[in-house]
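Structures are listed in the sections that come next.
One chain, chain A, appears in both complexes that follow, with chain B as partner in the first and chain C in the second.
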Partner chain A sequence: MSEFIQLHMLVSYPPSNLNRDDLGKPKTARMGGAQRLRVSSQSLKRAWRESEIFQEAFDGHLGIRTKEMGWQVYRALKSGQGLADVLAENESAPVRPAIEEKKAVAWAQQIAGRFGKLKKPKDSKDDDEKVDPEKQKKESLCVEQMVHFSPAEIAAIDDLLGRLAEGGKKPEEKDLELLRAERTGVDIAMFGRMLAASPAFNCDAAVQVAHAITVHKVAVEDDYFTAVDDLNHRDEDSGAGHVGQAEFAAGLFYAYLCVNRDLLAENLDGDEELTDRGVEALVEAAAKVGPKGKQNSFASRAYASYILAERGSEQPRSLSVAFLKPVEGDDYLTAAVDELRTTRQNMEKVYGACADGCVEMNAATGEGSLDEVLAFVTGDHA
Partner chain B sequence: MSGHTFYRIHLKDGAGQDPAFWRRVRNPYQVHKMVWRIFSDGSHKDRDFIYRLEMQEHTPVIYAVSTADRVDLDGIWRVDAKDYHPALRRGDRLGFNLRANPVRTKRDEEGRQHRHDVVMDAKYAMETRDNIEVDLVQQEGFAWLASRGERLGFSVEEGAVRVDGYRQHRFRKPRSGRRVTISTIDFTGALTVTDPDLFKEALYTGVGPAKSFGCGLLLVRRV
Partner chain C sequence: MPEFLIVRLYGPLASWGGIAVGQYRPAESHPSWSGVLGLVAAALGIRREDVAGQAALRESYHMATLVHTEGTLLRDYHTTQVPSATVKKRAWPFATRREELSVPRDHLNTILSSREYYCDTLATVALWPMVDDPPYSLAEIAEALRHPAFVPYLGRKSCPLALPLLPQVVEGADLYEAFSAVRFPDQEILADIPGRGDSGTLFWDSEGETGFESENTYTAPRRDVPLDRMTWQFAERDEHRAQVLVPEGVR
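Right, the complex of A and B next:
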């Protein structure tokens, strides 16, 4: 049986629109017959992956998730800059000969096509809207699905770009074997990846993240009023950026995540040190970092108010049933902590111990500490 | 011309607890007067607002678009306001919500105009009282909206609009005692802007008749 690390957190967000659905409303879910606010797991994972905590902990071990690798490769070929500099938007001097337009497009398409199906550029039917050729070219270099590239793969692509630039000839079939199963990024090892085109290079996620939902019921305001800001502007790329101040409901969220430590270590080629560093950074990010949605308008930055961490080889379980009945009253946090503790105790009564041990941290009462939680989750294991 | 403003108007805290408030808003005519008192200082003038009343968690919320400065004679409202000057282009796709009074105008033998609710009209035409209203509302309502849209600068597709909430409201005008019947239908879905100028006019002045009774305000957002 694998060893699991489970994290149960209560995080309070002030009024915000953290995670929007495709109509621009905050995401919701019904639970226990009441509407709750919801933050999707994708949104949480993205926030953690992009956090400074991750960047600092895993310098050189983080991959990149993008549909636009082909576009970046094209830019690198066209300018002669290194791929890493192009990806990081660094102004840098060329490191190799620049490639002419036509070849750059064709080669970039060949390379991108290895990671996913290339998008078909839209042809214009509407005479009013002139198609921007630059935009169309970019479209033709993007793939349809997000692809998660590991650092080893990015290095392999860059290496190939160097050889192409020197040789001046189009990539051969063997040059295009760019996918790597080993030396995967920490983020890929944690959250997995799915490549429809090359399933052999898929990676099972070692970290499962539940959608965070409020422990209480929430009435989401209709956002036609909010939408006015969005209507008044016309910025091509800022669809999400212009939804302004809405009095979207605040919420106290229950968030749950579960790490299969053995699988994480396996995904990281058995690197124990990196595995512990991964667990530590993940827990710290989960405690301190939330989705960035509308950060500028809402500054909804929040640390977790309460954390319960568990370790053990028992089958993991979420404690969301604690909030099947929406929490009420004027002190959500205390009530929610009580519900969580009670549910855990009652579950142990009927099932026996569900973990080998646990620690708590409560920022409202000042009990416990994040350091203790981090020491616990990375401590010696059986 | 002065600019348009989009309003969201809530009752102030506590105002909803006052039974007198509810006695004053028992029918659409009273609601019409109530909203009028928000936008007018009482002197006679033309209506320069369109609005929609919704009940959210048992209290009224009014959305309105107007060129008028609000006055709020009663002092019971919390008013949020935003400049409303949508930047739209042909081909823009918008989510929308509309409560409208869909009628067809017909002339009788003496040349007088009569307005017929499109649903009742279809029912009479089919000489039936069977319970086929749900389909009828969708069909007739959609046809009505599509033909309006042509003139108002937008197009709708059958699959992308839900038409429901058919209701008839009956009341008497207090002074004349005249009986008034208004039916309303709710439309929800997506539309495509075909003529930005005409469409903006529709956003500012509403769609269809019975605007003084809370019909015709198009609520839109980008999708």
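Right, the complex of A and C next:
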């Protein structure tokens, strides 16, 4: 038995082409025998996990991103201080023997080199400017691209530094292998990873995301467009420099996702605080972030208009049956909210309780709030 | 009197995978043994890497499926952005997807695949023991389906169930009696699924009589017996099918 958090959302997108097929058309599906607009689950997940919301929520917790780890490792070796203290600029006492300059540089380079290509320091011969040797040394210890280090990994490096300092010998190949051990990111814990080649890094996704499908019938429309060449002064002809066709459609989507909270916590090594922060970031991203396809043409940014969140250990189920019969009329949103509520009630009537509790947020009527939804999904757990 | 566990499978999209090699990921219109077994294993909390647990399930139960409507085929064009092999080798494993894609643009490649789904498909599935001492009683499986350990889905994780499975354990001399003994109180909710009628297709894997009246039985091999969830290997089994009249209770 696990605890599930289910999110049912209604999101309205103006004319747009968020998620395209191989012909450049918006993706579609049939539901209840009628054509609907569709945004694939993969497309939604990509938008969420790439969002600033995700990044900001986990930046502190996921360790640090730096090009300078080699430099910090050198400083730790040279001073004998713990790596975490060096990174935090703490004035701490040495915890192990200090390593002499030359060895510290060489070992730090060896370690940093495992995380990326080492920078080539500027040579004073290339330039008339005098190069500061300290700056040159620092540069020789940095890698070219940002590398992410998790707290566990920083601890693993520190552990290695301890062993190197005690043994006084340079790191062996197998010592450096250790640095590549476990480092599961929050988004991998949520959306999983499957690798035939290295199953040790596999992770079963704790979050299930359905394809978002419109609650109503949709006909995809063609936009025939022309572009006039700015340098055409109509001396010879006044025709368009380019003609093309773009397909688009607008729709009110039903989106559904389900978090297996127990599995998410397990994937995050039982870190409850990080699990809650993950759920919170996911729900906020789902409410505020959508796929970015063709944004320059359509500027179709949208926030969820309605959210229903549920929690419980009963078998999760989406409420898409509410829209098997396409919604009609001149107020899709109100009709869709009604359908969703009625279906949920009817389902509870015929099957018994499908969740322990739920909260709603309705941006059309101003009822509820995203904060309330976030508090609900991260509230006390059974 | 033999016992049967009966559940109903419905979701707007389902993807019961067929033989998938390379970029073409086909789906079949009716549940696979591997898909249903996976759903049951997930509910019970039996993990993919638990080879013995998976094998015990596989070797202990029979499955029959009554497909009310197979729905319409959907082919999804899917692209995935990945860093080039050299970048991957150097920086593997990445902490986040964002980091994986933060390499210079010309180091990113696109992988194409074509994935199939079925829209508007509805099926009722029966499970019953193949051996005298199955690892779980049908009642235990039913309880796990009501309160699962991992989320059950229709072949692919992006295909959630859109109705409770409503597991029911019933007695019956044969499949026909079992299917006739169950009741699903959701006929109203499912009224708008197109193509539902009196007739359906029954698929089963046992040699005994089904009790259904059907004139033609057709048998074909299907490669959907999961041998190893980690290496993704499957064996063949014989699957029988016949056009039948759907009993009132599940119609």
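Keep this in mind: the second predicted complex is superposed on the first by the 232 of 382 C-alpha atoms of A that agree within 3 Å, B and C clash if a C-alpha of one lies under 4 Å from a C-alpha of the other, contacts with A are read in each partner's own complex, and residues count from 1 in each chain.
In this section, contacts are C-beta pairs under 8 Å (C-beta built on N, C-alpha and C of every residue); 3 or more make two chains touch, one makes a residue touch a chain.
Everything numeric in this text was worked out from a predicted model, so none of it was measured.
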{"item": "Which partner, chain B or chain C, touches more chain A residues", "value": "C"}
{"item": "Which superposed partner A:K117 touches (first chain B, second chain C, both, neither)", "value": "second"}
{"item": "Partner chain(s) touched by A:L231 [first = chain B, second = chain C, both, neither]", "value": "first"}
{"item": "First (chain B), second (chain C), both or neither touched by A:K27", "value": "second"}
{"item": "Which superposed partner A:A93 touches (first chain B, second chain C, both, neither)", "value": "neither"}
{"item": "Set of chain A residues, in rising order, touched by both chain B and chain C", "value": "22"}
{"item": "In the complex with chain C, residue positions of chain A that touch it", "value": "1-2, 4, 21-22, 27, 29-33, 40-42, 46, 49-50, 54-55, 58, 62-63, 65, 115-117, 145-148, 150, 180, 183-188, 191, 196, 199, 201, 204-205, 208-211, 213, 256, 258, 260, 262-263, 313-321, 324-325, 343, 346-347, 350-351, 354"}
{"item": "Complex interface listing, chain B residues touching chain A", "value": "6, 8, 54, 56-57, 63, 80, 82-91, 95, 97, 219-223"}
{"item": "Residues of chain C defined as touching chain A within the complex", "value": "10-13, 43, 47-48, 71-72, 74, 76-78, 80, 90-99, 101-103, 117, 119-120, 145-153, 157-166, 185-186, 188-195, 230, 232"}
{"item": "Complex interface listing, chain A residues touching chain B", "value": "22-24, 126, 128-129, 219, 221-234, 239"}
